[in-house]
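Two complexes are shown next, each including chain A; its partner changes from chain B in the first to chain C in the second.
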Partner chain A sequence: MRSEDDSTTTNESTDAAGAPGSVDELIPDSGGSTDDRSDATVRSDGGTVDTDSPFETTSTVTETRGDRIDRFLEEYIRTPWSILRNDWRAMVGFAIVSFYIIVGTVGVYLVDSTYPAHGPQMVGAFENWDFPLGTTSAGRDVLAMTVHSTPSILIMMASGAVFTIVVGTFFGVVAGYKGGIVDTALSTITDVFINIPGLPLVIVLATLLEDWINNPVTLGVLLAVAAWAGLARAIRSQVLTIRNESFVESARAMDLSTRWILTKEILPHLMPYIVVNMVNAARTIIFAAVALYFLGVLPFSDANWGVMLNNAYHAGALYRPSAYHWLLTPMIAISGIAIGLILLAQSLDRVFNPRIRARHQDVGGDETLEPDAEDDTKEMMNV
Partner chain B sequence: MTAFQSDATTRTNDDVIVELRDTSVEFGMDRGTSKVLNEVTTEVYRDEILGVIGESGSGKSMFASAMLDAVPEPGVTTGEVIYHPEEGDPISVTDLSKEELRQFRWEEVSMVFQGAMSSFNPVLPIKTHFVETLSAHDYDIRRGLTRAKELLSDLYLDPERMLNSYPHELSGGMKQRVLIALSLVLDPDLLVMDEPTAALDLLMQRSIVSLLEDIKEKHDLTIVFITHDLPLVADLADRLAVLYAFEFAELGPSERILEEPAHPYTRALLNATPNLSAPLEEMRPIAGESPDPVNIPEGCSYHPRCPLADEECETIDPGPYDAGPDHDVHCHHWEQSIEDLDIAFEETSDSGTTASAVEKASGDPLVSLSDVEVTFGSANDGWLDFGESETVTAVDGISLDIYDNDVVVLVGESGCGKTTLAKTAVGLQTPTGGTIEYRGRDIWEGASGSTLADKEIRRALQIVHQDPGASLNSHHRVRTILEQPLKRWHSDLDGNDRRERILGMLEYVGISPPQDYIDRYPHQLSGGEQQRIALIRSMLVNPDLILADEAVSALDVSLRVGMMDLMIELQDTFDTSFLFISHDLSNARYIAEKTGGRIGVMYLGELVEIGSAERIIHDPQHPYTKALRWATPELEVDQVAEESPMRSIDIPDPTNPPSGCRYHTRCPEAREVCATQTPEFVDLGDDVHAQKSACFRAYDDHEYWQSESITDEHADANVGTDTDTDSGVTSESD
Partner chain C sequence: MNWKIRRFGQAIFTVWAVMTLAFFLTRMMPGNPVDAFVARVGPELDNPQEAYELAEIYMNINPQDPIHVAYVDYMASMLQGDMGMSMSQNDSVAAIMAEAIPWTLFVMSWAIFIGFAVGISIGALMAYWEGSKFDVALTGYATIITSIPFYVLALVLLITFAYRLNWFPTSGRRPEGVEAGFNIPFILGIIHHAVLPVFSMFVASGVASLTMRGNSIRVLGEDYLRVARLRGLPDRTIAVQYIARNAILPMYTGLMIAIGSMFGGAVVLEEIFTYRGMGYYMIQAVRARDYPLMMGAFTVITIAVVIALLIADLTYGKIDPRAGNEDHDAF
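On to the complex of A and B.
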């Protein structure tokens, strides 16, 4: 009965009108329910419009699937793009992050992997174009090492960040909205995790799970294990406020599903916050991973940025100018992605702002008419 | 060319305290320049009270700011603003340096804003605020504080207690009065008040306004009182100025403006203002909307809405015409306007009610509340319980039946529990005692947490919130907002059907063309449109009872009657009952009288009087209802300035309500027995009108009549003057 296609609406309403518990309940009619059917028949013939009933106006425009797809594209692709296009931070952030992704996907095929004694020892950067970023004391190509550790680092970051926000948001939103016993249970779990000393736990787990730890996904999640709880708590307190907003109360009064209320009414208000946290989580994870590798706490099978730093350090790169490139390359790689992510996060919250979204679409209306004088004048009165 | 040349004989320049010459305020916006004040020329006379009336978006706040050259960035003020001090040369305010401006404000001209209630620093006691102000302006602190104390007690506040309190310990009304005192502490000559009472209750508004007159006399003040609420200033102001579309439409002595307004807008505004005496048929909204500041219509800015508009109006800006002594009007056809456009309030008639409230109150109730009690902050309500948690009984044992097709309007001051009671009635607030039945079924039966178990009951009880901006999710388009209830309750409709229903509904409530609106976000709609969307959203689920929580108070005066009419119309069409909440007796009267509904008056968690609109407005029995009646201003100039019928301005502390009749601390009729016994409802209704009152005075034969009066136990029995009893926060010791 649900035709999503461009069949004419009048036929649809015949079906609808015939069905029990149909829209006709909605049409108030002094004659009572027996009249409803005849009323509906008239209407299904198309166009007999009872002027008193607000439901009876027929629209000449029928929406097709094409329109719906178009609307979807507008909402999720074109509008965000049009917003981001005008924001240099977004463009730079995008460029940086895309660069890393390209390096991590395509780059690994373009740059051969390296091995000890691949080239001469300790070639400096930009000296030998076979090894543009130089080589290590073992003669390994720094560029190749950097490139080949990108995929695992990206995966680790992504899995950690996703884990943090998914678990954190879920715990926070559900606990905040549901309240009562659910809240108590979820909040207790959150509090337990908040108080877990993160780093020592990771170190212990890393030793226990030595076989797994080389999998970047496991490592990412492991590093995020203590991070999500803070987010959950912050989100919970925000949800507690939003829950009492009028629009949520209306939604509850209309008995919209809890899922709808959580994901569509509440979550959009948290999105800017969640995005910022996702980026922060990604950053924290990469820093933590690098630090742990550098300290040599994490077992590793292959070189990555952290391991490179460690090796460079042990090779005395801090005081040997000839080894600077070995130290600098991974450092720049790490800072680069961190900066890219921050820029992206800063610009993304514009995407979620309905005022800005509206301005990038061709629907009418504009900002509030009269500028709000109060705050500023108040300021002026305050000596 | 100035408006007042004609009056040169009656007014000398010495009388002018501030004059504005061609003053404009402009803001550059993406869409062009927005003129939020358009070449206004006017004068304010010394020692007068000038009432400035304007709807939101009429430029009234800009008028206030321009007078002090306090227009916020990036606004630009052009033209002249000249201040004439009592002695010395005129000062051009716009040319003052930053430092001079700082001195000028507060010492010469001071202002009180609506939002300024939050301008107290919460960690500093009130005294520090005074001291800081005094020292910043190099005033003698000790003398200043003496003056502050005097001001505070003039405003019926206990000076010692006020100065030592922190802002959060004061009620809104107290804070606003303290703010008035603070703004007067440097003895300015001119006080500009921009909606100073808008956030307050009617009773408090009225009390403050009636204090202003005395304050003005005592301190030689000139007051510019800016408000959207015409009746509020009607009897206070000496002259009234009506702002429309960033210009003055009309300016003249209050009697003239109220009794013989010449501008079509003023006449329409008077008709659109709900009040207690005008016949309902003559109240009507103003069609159309206020213009956009970027795009003010050519010629007379009112011409798109004006019934008298002709070609001349569309091209030529109407200059001020002299419509009598001191009375200027910006309309080409003002004489015709006086002749052809009626105004409603002139004659008072007792219009018949449509259906009697008694008739409606027959049969089985739709929703029946019995002995409902709601308590907040119970002792075991949280982890962080420090032992002395205070409980507030927001609703204390109220029984109320709402019938099919019924309308009940709850009125009362804020904090009286009207919203809590109403939310309990529609199942959005869990009661701590008593039962709520929907067609004989207990709505909380089998409910888990705060969700009703029976989904049909949930559907039947809906809500429309006070703030239309907050009741629509800012992240959803109109389409999504309206689609959801349809998806939930009419799953047999497909996307196109839903769209049609929505378009039809939008059109029905006057949002057209609906296709343009369906893809908008809430922030792209005006307040009235948002409220209509919220209203039809709740209508879409076909409810039996809708709670409308102050649903019109956020709207402009000229739109209120229209919105209420729409609700009444929808009620008729959909056979719903309405439970309205209003703090404003004129709105309550409009709705209740038009639908033959009842008005219920609440005080401190109790229902003190309920009855048909007719009776509550014209024959109130309970002393509190009488006080509310007093607080509702009329559109008349010289209403005899009656004394406040209350012994104190502030509401007692709800965590510790007075014993016996809760109103006895403020009731002018209170006697000893009132403090110990609680009055029950007495039915005073007859065949046509329902009326019940909870006051001993309703009994013919009651111990009350022999009891001693407790109103004059203080030496000065003057109404409201004893500063002890009006403290409000601390409950009374006697």
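On to the complex of A and C.
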């Protein structure tokens, strides 16, 4: 994920420096767009660029491999890191998400899995240090159940988020860029999916396609079916504005293939938006997944947070204070990772969006909480 | 005008697509409900032929017909409002839905209305006192509340206010032992039952206030606002006609998305509060593998959302004159 992001955005920086086509050898500071205009001579290539034509690639200093690596590190590792280091949300967000990942990978080996009659029934939380978070009515260890459901939840989240992003971006970018009949067709599909309420659709599909949904990956994809359309719509409207920018126009004039323009020219510009939305999609997926497990709609083989909620609910945890720990543990687990993801999305927004950053530096850290981008908050509306 | 017709056509297309999907899933998937029904019921009957007739009664699909004939029949009966018979509730799907729709609409519309009204007011105040303790506290609250799923909040509220404090009923949608009709105890009873579902939707929608706050702050920095101040317009005019109007307009978009997701969320919420609306019946149908009722509920919920979005889209031009004639989508 990280490396893909890096390689694509490298082109963005060269483009931004006024060199269309993002020829690889070109160094951004070789010819700014201002000099281009000053001694304009109309030439056969149709451009009014100066003698430092990007098509001929001339540069007084050759950029060594070391320089490139250094520039790369500066731009994509050191700068973001220094931004993130000063942002408490990023640190907290990363810490929370890494904690869940560690629990999902290492924690599974540290905490033994549990089974019915593992311990005494309905031990409360923090009463017995063999079962720190207590036990269920069947004597299963709540902590172990919570820990052991983390991997499948994380896989589900990742596959759902990736599917949302890939399909949403594909529909949005292609529809926005191609226009015409392709746009009409893709937009119609998108609109249909936007109009269908997500949770009921997933419930129906999960019930009828029960046999095919037997692992976290397919389940994540199923949940994403209801989530990609909004992103596709948003990306389409962004592409509609980007496609009229001069750098896309020059790429078209250079007769670059549509695929090149879409992947090398347009996509890098959308990358920040896509990454932020991916984090938000991950949260949406988790919420929906746990809701469906809680309703008892999804087929399940082993306990996970939603199933725990469901079992606790049916064991009467609502009116039995002795069972509250059983209900509260999965609730806290879900909310915890959601908080981590929200903070992460907000801080990533800040890395990508210099304007938000600048506003914060002005205030001088006085004001710690700031609304995120409008699109970001809108996403939260989704269940 | 042309755009309105296109938007209308799009809504109809969506409904058609959903019905077709419903047909496809019920009839054509491997191991589909129709075949499963015939395989299950057939051997128990004296005359196996009856199983096909029963399948047609329940699901509007006669398994013996060729696919295209079955499809046309299915669509024809759906258009007439015949969504088949429920297997578990012993009533026609259309009757169950017709009885459930008002309750869902009642709760959802109040949740959306209160959520946005309060969100807008609080957001405006937060923007007005930007940077103050009030602002920081509420922004923090809104951020945290958005990371808690609404159904978790609903469970917490249910435990606190219904089971512990006994302020509100724990389940149901109408008071027991009160005659239904336009009398005060009945109406109060209904409101009493609806408070918790509405409240849990409302508490979970802290987003509206955050969006409103962001919009207002952005409007506050606009040049035309400085001009308005320089012209010496009264504060009240500036607040209502300049700031509020321009800050609320973009939120119409969020409202659209909220309608769709709230109808979806209603499924979970009604189950938690045992509130017999469309979503409640849908989950009951899933549990009982009552496919006609499940597909019927899904279709009706989708149509409700499509209509809501259509109305909102068509009225957006009235609210925002700039969007009047253009090719525009509110969401």
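The rule is short, and it goes like this: the second predicted complex is superposed on the first by the 256 of 383 C-alpha atoms of A that agree within 3 Å, B and C clash if a C-alpha of one lies under 4 Å from a C-alpha of the other, contacts with A are read in each partner's own complex, and residues count from 1 in each chain.
Heads up, the rule we're going with is that contacts are C-beta pairs under 8 Å (C-beta built on N, C-alpha and C of every residue); 3 or more make two chains touch, one makes a residue touch a chain.
If you're wondering where the values come from, they're calculated on a predicted model, not measured in any experiment.
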So, does A:Glu265 touch the first partner chain B, the second partner chain C, both, or neither?
first
Touching A:Arg68, do we find chain B (first), chain C (second), both, or neither?
first
The answer to whether chain B or chain C touches more of chain A is B
Between chain B (first) and chain C (second), which, if any, makes contact with A:Ser246: first, second, both or neither?
first
May I ask you to decide whether A:Val192 touches chain B, chain C, both, or neither, giving the answer as first, second, both or neither?
second
According to the stated criteria, A:Ala289 is in contact with first (chain B), second (chain C), both, or neither; which is it?
neither
For A:Asp255, select first, second, both or neither according to whether it touches chain B, chain C, the two together, or no partner.
first
Examine A:Ala338 and indicate which partner it touches, taking first as chain B and second as chain C; both and neither are also allowed.
second
Is A:Val275 in contact with chain B, with chain C, with both, or with neither (first, second, both, neither)?
neither
Chain B and chain C footprints on chain A, overlapping residues:
363, 366-372, 374, 377-378, 380-383
Mind listing the chain A positions that touch chain C in their complex?
188, 191-192, 194-201, 203-205, 207-209, 211, 226, 230, 233, 283, 287, 290-291, 294-297, 309, 313, 318-319, 324, 327, 331, 334-335, 338-339, 341-342, 363, 366-372, 374, 377-378, 380-383
Show me the residue ranges of chain B that touch chain A in the complex, using the header's touch definition.
27, 29-31, 34, 36, 56-57, 59, 61-62, 64-65, 68, 70-73, 75, 102, 105-106, 111, 113-116, 119, 132-133, 136-137, 292-293, 426-428, 449-451, 455, 458-459, 461-463, 465-467, 470-476, 480, 484-485, 488-490, 492-497, 499-501, 503-505, 507-509, 515-516, 519-525, 534, 536-538, 540-542, 573-575
Chain A to chain B touching residues, read off their complex:
1-4, 9, 12-13, 15-16, 19, 21-23, 25-26, 28, 52-59, 61-63, 68, 178-180, 245-247, 249-257, 260, 264-265, 268-269, 352, 354-355, 357-358, 361, 363-378, 380-383
Interfacial residue positions of chain C with respect to chain A in the complex
10-11, 13-14, 17-18, 25, 29, 31-33, 130-131, 135-136, 139-140, 143-144, 146-152, 155-156, 158-159, 163, 170, 205, 207, 210-211, 213-215, 217, 250, 253-254, 257-258, 260-261, 263-265, 267-268, 271, 279, 282-283, 286-287, 289, 291, 294-295, 297-298, 301-302, 305-306, 309, 329, 331
